[in-house]
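Just below sit the structures, each encoded as structure tokens.
Here chain A shows up in two complexes: once beside chain B, once beside chain C.
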Partner chain A sequence: MYNYSNAFKATTIALLLSGCATQSPTLSSGNVEYGDSKAVETLTNEFGSTDLQTIAESMAGSLLQSAPLTAKQRPLVTVADVKNRTSEYIDTKSITDSIRAKILKSGLVRFAVDTSAMQTQVEELTRQNQTSLYKKSKSKKMGNMEGADFRIEGSITSIVKRAGDVKDVYYKFSLQLVDNESGIMEWADEKEIRKTSNKSMF
Partner chain B sequence: MPLFTSSPGLALPFVLMLTLSGCSAMRSYDNELKQTIDLVGQGQLDQALTQHEANNTGGDFDLLYYLEKGELLRLKSQYKDSAGAWMLADRKVNEWENEAKIRAGAILENVGAVVLNDKTRRYDGHDYEKVMLSTRLALDHLSAGDWNAARIEIKKTHEREAIIAEINAKDAEALEQESKEKGIATTFKDLNGYPVETLNSAEVTRLKNGYQSAFSHYLAGFVYEALNEQGLAAPGYRQAIELQPNIKILEDGLATLEARTSLRKPAETDVLFVVESGTAPALSSVTIPVPVIVSNLGVIPISFPVLHSDPSRTPQPSTLGIDGKETLPLAGVTSLDTMSKRALRDDMPGIIVRGILRAAAKAMSQKALMDQGGGAAIAGIALNIANVITESADERTWRTLPATISIARATLPSGKHDIAIGGSKQSIDIKGSHAVVVTRLLGNQVYWSQPAYGPHTPVYAAPVVIEPANDNSAAATKGTAKSKKKKARKPVQQAKG
Partner chain C sequence: MHPFKIVPLAIALSLLSGCASHKPPPRPGSIHAKVEQLSEMSYLQITDLRAVKRNHLLTVQAEINNTDSDNQQLYYRFKWLDANGFTVGSEEAWKPVLVYAYQKQTLTAVAPSPQATDFRLVVQSPDNTGNLP
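Let's turn to the complex of A and B:
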């Protein structure tokens, strides 16, 4: 026989739970929308989000299949400079940050702090060891940083041509993995991107 | 929809517009700013600010008010107040950006509403002023020691340049089509009596455009380099070279970028000296009879803007002395004078088309009234007088901007140095890995800026040592902050000897 009392309790609990799960109210002027961060962006022919994502995915995929990273047990890698040889303000660090994040997720590689983060690293160790603020037994010792087995370095170049109403931009992103001890280049790859636009988008 | 009708009702909007916008239509911006700039040239900054406020009453301040105010406050070394004024200007430029992105290509859509003269239009600023606003905001933040805030403004400069390029391309296309349809010649070379040579010199035509400056991009390179972002510094220096080729200091900026990073020493400061001279050119109005083929109206007098180079006639120094020993050459990398001429050259087709269409609209309504006779004819005569009185080109332009910007760069031991420019000497305290020292020459005055602490870019050989925190050092820090604050309030200003 159907128990109405139980049904009532179940309904009440469900209502309470669904009440908790209710989404927060949305405040909107109607003029702002969230978009797909992965959507292909072709607003202008300057370097854009799609180019960054394409390069990061292509390079991370290629690097993860490279022999030096798969042969060694979780090698220690650092990211060196990716030189910007274009006339565009392309944040090359943002590209290498994306590549590093993708590689780190694989669990195959560990990363040592790169040159841009070194100042913070040095300041942290200095604070722990030279300010008398920390217990000596609990502070991280100086001189224990590990040198990276490999470094990732590269460059981005571009060729821009205009003919009549057409503008053609060609980007080439080159990346290489160098053994820090031997100086041997163990892996290298390139990603090319071509974008063409007409006059109204110059 | 026809642009012109012969309805006598058109007279009413003219009269109404004349009444409502009487002040802006008759305003002589050149006269207002002449007094303010004269006071700055005599070292009377407080009076210049008072004059500026007196020229702008009513509370609803326009973009130009904030642009000029920010510059005057900057000269007084009140960097935070200057940045505050310029941030309000920046908000107005942002509004323009948002509107312009939507209306790009509809350059003439307001022509029916602009019946008196271009002065009655909202002042949106010339393109080079919008870009220079971000650059000068960056300089304010650098002078206040906030390099990260300067970086935000530098990045905004690139984004703003991209927006302007996009809007200009669409506007130029629309203008070309419109002028073809109406049979209006848009070249200023045909304006008989216009000083064509001011816009036609080799230095004006050589510029890539009227809004990108080598200084803005070199400064971008310097700021990114100071913040250890070589990947972004390189295109800054590269673009500066592309905009002003064959200037050694610009070429060295890129060529020695990598070497500078590796050769950096902890007790040295990479100093960028920025020397600004004079004021941006003034705009005046010249009236030229132009044949108007629209509706066969014959020859109608139309006003056009003419640029006059730096009325303050401040000389541009060619060298800078350091500690009475070293002399550095100052390289002129940006001329706002030339840029404003290039901007006007690029704007002239739009000004010509607007002027002709407006003149035609005025003539048509006047003719309609005269044809009616009686009382309407008297109104037609009154309208004709009003048209003659109000026909004037837009004289508004950011006048307190410098005419030229020169730079020099040197790596100096951190500490105090005696710097000599244009007959004036000043002790400058330089700290941090990078510093920007800005000096402004105007009239017989030299205005110096004391740079705040620069950034500490990594020098791994000798890391920064943080002293143990105790009462004495805390008091010392307090004292430093206090003295720094005191210093910022007092402008460093000298009359040339």
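Let's turn to the complex of A and C:
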């Protein structure tokens, strides 16, 4: 009787424990795992994913609240260069792409093709109009592109300092909105980031 | 009852109760209804939350108060919801913020689109557990 009672208790506990364990649909060697792409990354104090994401969110939020963009009904904007003036390699196009994606998703602003995409735009129009492959009535006409009301441009700079085992990096990302017709800078904002690392074990 | 017979029952009950939360639901409209804490926050407290629509976009300002004599690290992000409770836009990145001793830190955020009519502030502070004075 004692043995039956113990076996019952053990089975109950095992069933309760196994209730939480499920088989995952994975095939893995055990060395690779997916992480959170939005996690705060502090592996080194060089420019990282968290810096890119924070800058993009901060700048997109600020731009969407800026007076020149809210004054017009869905203004047309283009992205010019963001210059990298730091001592490290930073893909500034990736930062502006993220800012642009966030602003576009709001539906409050439209974007004209930027200089890097202009070649593709011209080639597409040329193909539709000059290759005789398309119906005249269905091809998109030359000369109907719209000029952007504003352009976004900026720069990223850094100050790096070392003292013994301590390394301090300060980033400043500056963005401006310029009226293309008047050349007037209508809005500007900055995002600052400080990262400090210490190699000392104690 | 023999004490050893109670032990398996206690283990089974604790396993079952591990999934159930006994906290009462927060009052609608209160700060707690808008805040999701991923860890116990003893020293950092959200003391004020304001939301206003500016230029079609919901703008939120939260005030974090550090009641401790040590600096506290906080990680936060906002979740934006539409009128039906669906999330708007993609997940925000976690953002780190250092709150100095006894400092009141303000966090501001702008909704990603006009569809966002509600929000949740998700906070986590890893070294922020302890007994309140």
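To be clear about the criterion, the second predicted complex is superposed on the first by the 174 of 202 C-alpha atoms of A that agree within 3 Å, B and C clash if a C-alpha of one lies under 4 Å from a C-alpha of the other, contacts with A are read in each partner's own complex, and residues count from 1 in each chain.
As a working rule, a residue touches a chain if its C-beta (ideal position, glycine included) is under 8 Å from a C-beta of that chain, and two chains touch if they have at least 3 such contacts.
It should be emphasised that the depicted structure is a prediction, and the values quoted were computed from it without experimental measurement.
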item: Three-chain arrangement built on chain A, chain B and chain C clash or fit; value: fit
item: First (chain B), second (chain C), both or neither touched by A:Asp81; value: first
item: First, second, both or neither for A:Thr115, with chain B first and chain C second; value: first
item: Which of chain B and chain C A:Thr126 touches, first, second, both or neither; value: first
item: Touched partner set for A:Gln65, first chain B, second chain C, both or neither; value: second
item: Contacts of A:Thr50 with chain B and chain C, given as first, second, both or neither; value: second
item: Which of chain B and chain C A:Lys93 touches, first, second, both or neither; value: first
item: Smallest separation in angstrom, by C-alpha atoms, between chain B and chain C in the superposition; value: 24
item: Chain C-touching residues of chain A, taken from the complex the two chains share; value: 9, 12-13, 16-17, 36, 38-40, 49-50, 53-54, 57, 60-62, 64-65, 70, 102, 105-108
item: In the complex, chain A residues that touch chain B; value: 44, 46, 81-93, 115-116, 118-119, 122-123, 126-127, 130-133, 199-202
item: Sites on chain C touched by chain A in the complex; value: 8, 11-12, 15-16, 54-57, 59, 75, 77, 89, 91-96, 109-110, 112-114
item: In the complex with chain A, residue positions of chain B that touch it; value: 155, 158, 162, 165-166, 169-170, 173, 220, 228-232, 234-236, 238-239, 242, 456-458, 460, 463-466, 468-469
